[in-house]
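Below is one structure. I have some questions about it.
Chain lettering (A, B, C and D) follows the sequence in which the chains are written, and residue indices restart at 1 in each chain.
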Amino acid sequence: MCAVVGVFGSDTAAKIAYYALFAMQHRGQESSGISSADGEKIRLIKNRGLVTEVFDEESFQLLEGRCAIGHNRYSTAGKDSVLDAQPVFARYKLGEISVAHNGNLVNKMEVRNRLIERGAIFQTDMDTENIVHLIAKSQEDHLVDRIKDMLTKIEGAYCLIIQSRSKMFVIRDRFGIRPLSLGRLPDGGWIAASETCALDLVDAEFVRDVRPGEMLIFEEGKEPVSEQIFEPDYRPCAFEYIYFARPDSIIDGKNVYETRVKMGHNLAKEQPADVDLVLPVPDSGVAAMGFAEGQGLRFEMGIVRNHYVGRTFIEPTQQIRDLKVKLKLSPIKYLIEGKRVAIVDDSLVRGTTSRQIVRMLRHAGAKEVHMRIAAPEIKFPCRYGIDTPTQAELISTRYTPQEIAEYIGADSVGFLSLDGLVDALGRDRNYSLVSFDGNYFAGGCTESPSCGGE
Amino acid sequence: MCAVVGVFGSDTAAKIAYYALFAMQHRGQESSGISSADGEKIRLIKNRGLVTEVFDEESFQLLEGRCAIGHNRYSTAGKDSVLDAQPVFARYKLGEISVAHNGNLVNKMEVRNRLIERGAIFQTDMDTENIVHLIAKSQEDHLVDRIKDMLTKIEGAYCLIIQSRSKMFVIRDRFGIRPLSLGRLPDGGWIAASETCALDLVDAEFVRDVRPGEMLIFEEGKEPVSEQIFEPDYRPCAFEYIYFARPDSIIDGKNVYETRVKMGHNLAKEQPADVDLVLPVPDSGVAAMGFAEGQGLRFEMGIVRNHYVGRTFIEPTQQIRDLKVKLKLSPIKYLIEGKRVAIVDDSLVRGTTSRQIVRMLRHAGAKEVHMRIAAPEIKFPCRYGIDTPTQAELISTRYTPQEIAEYIGADSVGFLSLDGLVDALGRDRNYSLVSFDGNYFAGGCTESPSCGGE
Amino acid sequence: MCAVVGVFGSDTAAKIAYYALFAMQHRGQESSGISSADGEKIRLIKNRGLVTEVFDEESFQLLEGRCAIGHNRYSTAGKDSVLDAQPVFARYKLGEISVAHNGNLVNKMEVRNRLIERGAIFQTDMDTENIVHLIAKSQEDHLVDRIKDMLTKIEGAYCLIIQSRSKMFVIRDRFGIRPLSLGRLPDGGWIAASETCALDLVDAEFVRDVRPGEMLIFEEGKEPVSEQIFEPDYRPCAFEYIYFARPDSIIDGKNVYETRVKMGHNLAKEQPADVDLVLPVPDSGVAAMGFAEGQGLRFEMGIVRNHYVGRTFIEPTQQIRDLKVKLKLSPIKYLIEGKRVAIVDDSLVRGTTSRQIVRMLRHAGAKEVHMRIAAPEIKFPCRYGIDTPTQAELISTRYTPQEIAEYIGADSVGFLSLDGLVDALGRDRNYSLVSFDGNYFAGGCTESPSCGGE
Amino acid sequence: MCAVVGVFGSDTAAKIAYYALFAMQHRGQESSGISSADGEKIRLIKNRGLVTEVFDEESFQLLEGRCAIGHNRYSTAGKDSVLDAQPVFARYKLGEISVAHNGNLVNKMEVRNRLIERGAIFQTDMDTENIVHLIAKSQEDHLVDRIKDMLTKIEGAYCLIIQSRSKMFVIRDRFGIRPLSLGRLPDGGWIAASETCALDLVDAEFVRDVRPGEMLIFEEGKEPVSEQIFEPDYRPCAFEYIYFARPDSIIDGKNVYETRVKMGHNLAKEQPADVDLVLPVPDSGVAAMGFAEGQGLRFEMGIVRNHYVGRTFIEPTQQIRDLKVKLKLSPIKYLIEGKRVAIVDDSLVRGTTSRQIVRMLRHAGAKEVHMRIAAPEIKFPCRYGIDTPTQAELISTRYTPQEIAEYIGADSVGFLSLDGLVDALGRDRNYSLVSFDGNYFAGGCTESPSCGGE
């Protein structure tokens, strides 16, 4: 996961980057960073925490210049330190460079080992460090050629924003796995961001998506130059539509909200439930609405989400039943009592939370609880930037839906089929469906080391 | 607004109070406090901040005893200090006392002036201090009689939790304006809390609502004693149902969620809108759903709420259009573009935010924007515990719906009628409708000083 | 202990108060507060923490007006809460009032009980609250008369700064137990502060000490009015000279530094030590220097103080010998090894720390360790504002110097005699020597409840 | 400046490192870090802030293993970021490595440029990164040989603690410029630390100083191996004795305190002052005492240091004279008034603070003020780890003592001669005197880029 942004040719580049990162906070809450360049020097501020915690007014006095790139990092429990924030800055032969990366390089360890063999040092676990090394090690005279050189050596999913002291490079892998959109700011500057919701917040006009395999080069006083580096083989990641992107974003030309409604419709066709009521797991409401509509069932916002869940947690001294889930979610009993309910979620990974939700609904008096998942069974770890657990932890690799139903205590469990998903997304293009079909088209396999989720 | 809780007869009283306050955080985010009593001493921790910020594990080593009372305070901008947190603790003639109060005393200034005249000092602006003074000044020998004495001297809305070193008193004004429910804990202890959602979180069984005019007395080793202090005249506050209480709470026997759906239904009947689409203002989704259903219109969650709105705010250096509302809310353009939309909110006070939302929808391409409010026009300041602005600031005191439509830029504005509201709430009892009808049945008037929202 | 300050007639009153409190931080580190008055309103900021932690630039936008009073509170472990900060503000019959108090009222509990009997409530343990109550309860028409009325009802040690919306009152008890100096600011304003070091920092010219039993009244557009309320009986507290005041302060006309040197001289005469070397306990260097000089012995700064002692403490997992004292103090071994050393401290209360220091010196190789105390044996709890433990905890009430030497592991222990102390202070006036002679001239006795140290 | 520590063969290695860093906090307050190794993995915690701020109890659950190395970093204003903390950790060909460095490499830029030329990237400004790169780039098969290889490529001052997953290497440059002592822990483990005061705090027995040009290798289950890598040419840095080290430390066999007293003695011989009184600038008291003793003059602690100087600073709105120096230091007027005083400081760099101190003393009534400096004139920037300004900013490069006296407003200024300094340090060995004599024996010159003070 993670979010990237690049702003070029704006007098308030760093602040635009800040607001763009704010709009994309849902893509990563662990750490945040912005580097700016003024033609002579790159300056960087990054740290752990939310965008609003890392930056203050003073930050923007330091982050001068008409180019700024930024990054939000997703939390990957137990592995992060203050050093793992992005962008990654370095001095190298041609001067200074800063890199922000969203994606996952499947040949990270091979590249890293090769570099280490040749004497490189790695100060973090981030594959972004690979990218900087490859650029620095290239024998080419110009940064643009070094970048191309680097691109021939990496495999996997990537959206890259690279900043030198005077230029900005925006690159998307040839599959276009992770999203990246281009916009124009009211002051004439350019912005590239992971999601269109970032463009909307800063009043940027959407221009187009960055093309798979494309590199855009921004230089002061010139029009952006586009270069098609690789033959495109468009396969945007289905997970962006399923739950990762914000519903108001348009990913590669398709409205996220709309695809979610359709997933619900198709789920209703494939896995109807004979129930009185459809409830969404909060934040998965759109697909649930589609599911209810598809079957002509009553839809109710029957589970309330607590907005004040904090970071600290006081241990209860006596047992409170299912406390952790109840601190976040509360059922509306009168709706549920004595009813047969369908509960719709956007994915089912380990089953732990689903189990607690089902128990909560039973305790609220539900007569039957049918779990419906608006996505297919996840059977393979993603290697392209979605933080999924190892294959062994994926419940669907070990159990059938019926067995899962038993495990989580539901009367039934139904998943959307792969075909139903593809139908909802639209049959006009291919998608990255690796978690569902195990087709590691961009390299990597189930045995790859787990991705860093960058 | 604000929340109160009292726990009696539980070995983990303070922690139960903590979780109850956590569940009621939506009723007040300014400050929080818990005092506990162990038969010999009352101990108090209170401070500014959310429940999770004020307390840590160490707090509960101090807060010993089988009785604990707590309070969340609503933010009333510019007036609060660290001193304005509750409960209010005092030493007085009979020993120690701690008081938590939700409501508003309409004769606060008269009482205060009378007390000051007689030599009392007031260290805060809170009317809770009045209550403690009145108890301390009473000539009665027993606390229970002093409390009764005090109750004859105050007017307005109140739910009171009073703690001595060994007893707890739970009191509700004779109108039952603010909610207060009684529950039984799994360990046999008792809990009284503003909302049933607090009972649910701590696995307490709902027993009944505290009756208007009732005082409950808790003493170790005895059954709770109920005393009807005043002739009841039940008039629960309509605003709890309209937007203040959590939708999973049951206020005075009525499901909050259910009443909100009905308000939407009645609004649809009274103020239908010829539109393609109904959108909720986020967090007002239930009434919007009812409205859509009532007219058979399409309902869409077409406005996304940003979950990461923080406290700090970086000034933009160049103009970003409607930044403040856009940091919180984002429209899903493709749904709205070219459409006639109805937007449903739960109340309209000053019109400022509505204006920005309408502009945002227009900018997203809406062909028509019809604003529907699932509550009547607010024409009078509440004096009974809801923080409404002065009469002059209430837009409905100066403008007709049509004029408001013009002001906020909508094609039309429609309010639920008072009768429609009452119908939704149920005609089996009276309600506090003072903001709508100006009937200050519990004292106070439009010229009263604005309530402190305690 | 504690510090008070009052500033009147200065356009930057609150900032002057801030710097004065900063200069007097050594008198109290628990909490700090400033209230300001602009003729119409009193505003107050107070909280736990050092002066530099409680206030920021924003504070001074709130604290408007040409009069400001302030307070630093001494930490009395386990008893403080955010509520126990001063000044104490209250609304009462004549308007608004704010009070800062340094001292201790010996009849606090009697007054408090009398007030409580009459219906008063006490929200804190501070005797400052008594003072506010007594003013509010007075039947007089004018504040000045109410203050006089209050003064007839309190006994003990007090320096009071009282602020109404337009006046400031500065009062010292008739014994002048705690210090209070008057100065003139460069801009013509007035300042009263516990110590002259506060005057020095803000460039105020020292005018004179406030007289015992005097009240000074400040009013805009008038010269300060002095009124002798009580017959003076001058007895400044000896402890200010012994260790409490800053060495650059002049307390009641005597240089603190000078008296400390003389205490050392007299100690040398009375309790000579046959040693090679004199070492001060850091922060008691002046008396140690005097002691060495008095005997013609070598003085060495042989114990180093760590400036970075923080608040957090990591538990050692293996035993480190005398860790707590070693985190603060380190001996210079080569000086001490094989030597007979005298170590001079300014007082000996419980003996716990002395014991660790002696052990540390022995471990550093000292052949003999002789402890000398530049003050008499503390045999009685102070009731006049110095935070001493109960009589039972005072080691000198139970043990002779020889027994103390045994307890702390020293070869000998010697105290300054009472006469030696008085000689050092000067025989031109009486002193409060209560901790040494048990003469509770201002009321109170050994059985009084321990003072709050305000 | 900065401090390093290495602990090997102790079950509580990380906590020992923590306390050692605490004892050496005076060598660097900007940031702090500890890495630990358990044979299989290196773990690292580092951040900005004091030792007590960076680490908490939880830190030591992560920092497992019987080897830990640590670092305190000195603040070099405006250049630091969270990334500039040490130790520097990296993965490289032979596994994992962590390096802590105190000193300054004079050929840092040459090495860096050469490395960059060959494709290396530098993520920070620290020369520690050079060291890690050189080790990683070496073609040797074993770490020990790679380290030796690296050592042939760096010049300047360094004390290095290098940690692999199972070994620890302790290295000192052949001049022994920066101090490094070896000790034995009570549990049999080993500790190497910049100053002996760190050994004292953790009850380690001093074994010996690490020899110039020596490398010590620690491996579990074996005795430490010593290897003399370079021909030693012992020249410890004079500044450690002059002011940098803690007075209770023994640097290379000489007591810091003792040398400071002798510097005072020699200064008295060379630059006597006809005065009534000698005053130390606080924290330079030892040399001042020696100076007074040398001349038989009266010594007084006539300037008080404020212990509560915080980080925040409130702007005064009206002018307070010399506020910044007065917030830290206060003169004892009665001692100074009408007197001829000598004020002794440990060095004079820019003259700015001296000027304020002289003005403060004059304002306190001094008749004459004679400044004496217990060190020679600083005419050259240090390149070996002491953070001195550029040559142009050093006042002694532009002015004679007489001109400096004029500039700072003193009646005279006198410096210790180079010979007097060497005499005080002892003529049994050479010293690094580069700031005084410009003999850049270990490389570097006045035109070198200013050192990073690592």
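Here is the rule we go by: contacts are C-beta pairs under 8 Å (C-beta built on N, C-alpha and C of every residue); 3 or more make two chains touch, one makes a residue touch a chain.
Chain-to-protein mapping (UniProt): A, B, C, D = Amidophosphoribosyltransferase.
These numbers were taken from a predicted model, which means no experiment stands behind them.
Trainee: Tell me, which chains sit next to both chain A and chain B?
Mentor: Neighbours common to chain A and chain B are absent.
Trainee: Trace the shortest sequence of touching chains from chain B to chain D and report its length in steps.
Mentor: Between chain B and chain D, the shortest chain-hopping route counts 2.
Trainee: Averaging over Cα atoms per chain, report the distance between chain A and chain C in Å.
Mentor: Chain centres of chain A and chain C, defined by C-alpha means, are spaced 60 Å apart.
Trainee: If you average the CA atoms of chain C and of chain D, how far apart do the two points sit, in angstrom?
Mentor: 37
Trainee: Could you give the separation in Å between the centres of chain B and chain C, each centre being the mean of its C-alpha atoms?
Mentor: So the centroids are 47 Å from each other.
Trainee: Send over the residues of chain C in touch with two or more other chains.
Mentor: none
Trainee: Tell me, which parts of chain B touch chain A in their complex?
Mentor: Chain B residues touching chain A: 11-12, 15, 18-19, 22-23, 25-26, 29, 50-53, 55-57, 60, 186-187, 197, 200-203, 246-248, 250, 255, 257-258, 285-286, 289, 299-302, 304, 306-308, 310-312, 314-318, 320-321, 323, 326-327, 330-335.
Trainee: Which residues of chain A touch chain D in the complex?
Mentor: Checking each residue of chain A against chain D gives 44-47, 81-83, 88-93, 112, 116-117, 119-123, 132-133, 136-138.
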